[in-house]
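What follows is a single structure, and I will ask about it in a moment.
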Amino acid sequence: MSAIVCTDLCKFYQQGDAVIKGLDHVSLEIEEGSFICISGPSGSGKTTLLNAIGGLDSLDSGQIAINGERVDLLGKAELADLRLHSIGFVFQAYNLIPVLSARENVEFVMQVQGVRAAERKLQSMKILQEVGLEGMEDRRPAQLSGGQQQRVAVARAIVSQPKLVLADEPTANLDSQSMEKLMAHFRELNEAHKVTFLIATHDQRVMAWADRRIYMEDGRVTRDELQ
Amino acid sequence: MAMPVAAMSRLAWRNLWRNYRRTVIMLLAIALGVWAMIFMTALMRGMVDDMVQQGIVALPGHVQVHAEAYRDDPSITHSLPAPGKAMLEVLESRQVIAWSSRIKVPAMISSEYENRGISLLGIDPEGELALGFDPDDIVAGQFLTDAGDGGVVIGRKLAERLETRLGKRVVVMSQDPGNTIADRGFRIVGIFKAELENREETIVYAGRDVVQAMLRVGNDVSEIAVLGHDYRTPEKLAADLGDAAAGFEVLSWLELDPYLSTMMKVMDGFVLVWMVVIFLALSFGLVNTLMMAIFERVREIGLMRALGMRPSAIVYEILVESLMLLALGLLLGNVLAVSTIIPLKSGIDVSVVAEGMEMMGASSMLYPVLQWPDVLLANAVVIVLGILTSLLPAWRASQYRPVEALARN
Amino acid sequence: MTTKRQRDSAFGLSLRLAWRNIWRQKRRTWLTALAMVFSNVLLVFMISLQLGSYDMMINTTLRMFSGQVQVQRVGYQDEQKMRQDIAGVGELASTIRSRFPAASVAARANAFVLLSSEDRSFGTQVVGVEPDFEAGVSTIPGLVADGRFLQDPGAAEIVIGGVMARNLKVAVGDELTFLGSGKDGSFAAGVLTVVGIFNSGSSDLDRSLAEVPLGYFQDAFAMGGSGHIIAISTAELGGIADLMESLRAIIAGGDELVALDWEALTPGLKQAIQADFTSAWFMYAVLIILVAFSVLNTQLMSVLERTREFGVIMALGIKPRRLALLVLLETFLMALIGLVIGVLLGAVVAGYFGFAGFAYPGMDELAAKFNMPSVIYPSVGPVSLMLGPTVVFIFCLFAAIYPAVKLYGLKPVEAMRAV
């Protein structure tokens, strides 16, 4: 059974006189528990695809179903709940909430979910340790380096063990050792809990971890290969 | 799924202080506004209270009983007999603090040099004191000793006008029920002062028994003045007396002095208008501050939406932030108001415009009166209208599309 | 050296720059300007309303009875004793009348008497008036609703207020007797025929004013040719100062006479107006300061968010003074928008009520206390339109000083690094 089914997705942007094709009739099926990397030059539609699947962006046409549920038909509040409980996001820019410390940023989603404080602390401390930020839990984003902020964002995305992780360039700003560690962690989550990963990346070393690689250009899928 | 209040509050609190200058300026503005709401209201209440209390002392009493036609034509022919059994029952009940029956008729007073038209009051000194006549107002001589006292007590200004003084004799002329001129010589035994000059000029006190004999009316009187416990609620007392005094006109001061009772009502309306006006002046700044705060964080708001916060939770967060700002401002404003009103409890001297205040029926000392319902009203106006005003910016913030918000720089 | 033309064009540039800058944040600028508009409209309306009601208070009080100026014996205003009189009051009034053809002049005399009808007696004031001239200084003769006003200067006639007539239970044609004492302390008494009853709407006057012819009064109270008051009114309001000046010259030779204007005649009224105006300004001040806070906040934010931009400009060699002036100029323009819209809108609102009249619930009872009609017509004029908004304008400029001064501490390199 396919976890995510995208059918004929279209999304065009007007930029000045030109029309940018964000998604140009993209159809895609993603199995539950797959570990997929999407690659392509900037502006090829990777981010647009991730946003569309996460319900962050509306489509011009096409359908998206997650576990049989039509994401494109959901209202704002339902989409919010879907993201809250089933999807973890890692954004291109680190996007941390500046007034919250590293640990509070990680706990944010759990807090919205209503997880109890003791449980939150346990989970967040553990995950921060795993991404190598032990001892920096109480720093605000402004006091962390770019790589550290990125790791906080990753920790936030996976801490509540979502069924689907949408990661947009999660390894930008990471050195190769940190990158390998992060990918290993992703893979482990994927294998142990059948978490589906959809990772947009430029990085060939990241691509190497995937079991399916999708290449995009000008809003179209140009290649789709299984490992 | 709503975020726990504690977490939401922490987020809102930290957001509030991100731009501390802006927050401090807005706080000061709110505090000033709240201070003005409470302080000015206390002053206005003080003025009206003072007017009402003086009015009640002058009237006197909270409720008065007259013959039906007396108020239109305050002649001795429209008098009433001494209270009967039914009335005494009410007058001696627990809801009455004091009562006194008095004669009050127009008369003329003459010294050897001058004449003046006056109101001649035939009173029982004991009852008059109980109704609120302040013995400290006697500036020379003494007040009447009893209802049979053969002297008169006149106002300071009237003594000047008549070119007379303590111990001198004056002649008082009025009419008896048969319209025969009734006159009698009195010795001035006391001179009183009053806040309102008009009283000093027109009120003359004499013993009730003496006036009754002079006017040949037996035990009849013009009015019975009754003092209850709370001047704000004279209605029950008036109703009870009305039942007991069938055939006579029983009115509370609210009806006897429509100027004062209207003043009190108008003041209630004015207080609310004043508070709302101040709030409106504040509201532009409040909306501006919130709008700026939201514009600066469009990205963050998009992020929170992307992480699964519902639009309603965004509204909630902004409202909590606004509520904190309002609450802090209120706290500051309330403290400021109370701490400026309390030292002024002993009065603000406005005697520069004493005669003007007298025209309005007020005295030349202004006593701010802090009424808790007013403070509550000020706080309620700020909180309720404040939240309503914040709804627009908060709603706008919740409507950003996450992707666009995230793309914003 | 910069030439005048260079300075002009530099100013033009600053002006254009300032204008564009304030529209970079449209919503913020409008909200700030709206705060000014709100308080300006309110101030224009309230001040017009106040000035309108003062005019009415003064006019009704003065026109009804007292007149705009009175000549009296020194001390009479305070003590009102019968022997503080003006000898030859009729002649003096004639002299004044001939000197000021535009003014109305009437002599009066006052006494307190016991006035009795068949059924009732009241102590009251009786005023001796000149029947031919009284109508020029008082509206009472025109308000006689029943019967007629006095005509013959020597007739034993009396005109009384409606309430007094009811209390005395008399109608036109009935007789009243009075009892009092003359100027010399002698017994004064007589019988008068009620020829007219007036209804002024002022309960005080309707209850307590009685007028008899001055000639009769002088005989009855042994006044000879004297009286107590010469009341003077003129249609030209601006002429009062000149009138007072000349009056002082005329009466300078007389026995201790003074000319009193309305402020001296009705000190209560003047102080009531002062008290009202002062307390109202206390309230307006709060409003104005709140608006100034709004401006302060907006301009401070606008300076802070442009720190980087200002840094770049300063790096180009522009002095902080120029930037501070720019900020002040921006505030000036914003305040100008608030002023213009506020005054226009305020004029419309005040103008509408000036035409339609303004009343609020409960005003009937309150206005009656001051003998005023229960509808106020706001007076719209340059003062009522500009006074409030000008003060708001000035305070808004003051509020921009702190943000402008902050620019002086700016260091270009640090500023450019700021977010």
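In order of appearance the chains are A, B and C, and numbering begins at 1 in each one.
Criterion: a residue touches a chain if its C-beta (ideal position, glycine included) is under 8 Å from a C-beta of that chain, and two chains touch if they have at least 3 such contacts.
The structure presented is a predicted model; accordingly, all values stated were derived computationally and were not measured.
J.: Is the chain-to-chain touch network here best called a line, a ring, a star, complete, or other?
T.: Shape of the chain contacts: a line, open at both ends.
J.: Any idea which chain sits dead centre by C-alpha averages?
T.: Central chain is B.
J.: How many angstrom lie between the CA centroids of chain B and chain C, rounded to a whole number?
T.: 26
J.: Measuring from the mean C-alpha position of chain A to the mean C-alpha position of chain B, what distance in angstrom results?
T.: Computed value for the inter-centroid distance: 67 Å.
J.: Roughly how many whole angstrom separate the Cα centroids of chain A and chain C?
T.: 74
J.: Can you pull out the residues of chain C that are in contact with at least two other chains?
T.: In chain C, no residue touches at least two other chains, as defined above.
J.: Along chain B, where are the residues that touch chain C in the complex?
T.: Counting only chain B, the residues touching chain C are 19, 21-22, 25-26, 28-29, 32-33, 36, 40, 43, 72-75, 77, 106-110, 112-118, 160-161, 163, 173-175, 179, 181, 258-259, 262-263, 265-266, 269, 274, 277-278, 280-282, 284-285, 287-289, 291-292, 350, 352-361.
J.: Which residues of chain B touch chain A once you look at their complex with the stated criterion?
T.: Against chain A, the touching part of chain B is residues 1-4, 7, 10-11, 14-15, 18, 299-300, 303-313, 401-403, 406.
J.: What residues on chain C touch chain B, complex-wise?
T.: 27-28, 31-32, 34-35, 38-39, 42, 79-82, 111-114, 116, 118-125, 166-167, 169, 179-181, 185, 208, 267-276, 278-279, 282-283, 286-287, 289-291, 293-294, 296-298, 300-301, 304, 360-366, 368-370
J.: Touching chain B in the complex: which residues of chain A?
T.: Residues 51, 54, 56-58, 76-77, 80-85, 87, 89, 91, 93, 95, 97-100, 104, 108-109, 111-114, 156.
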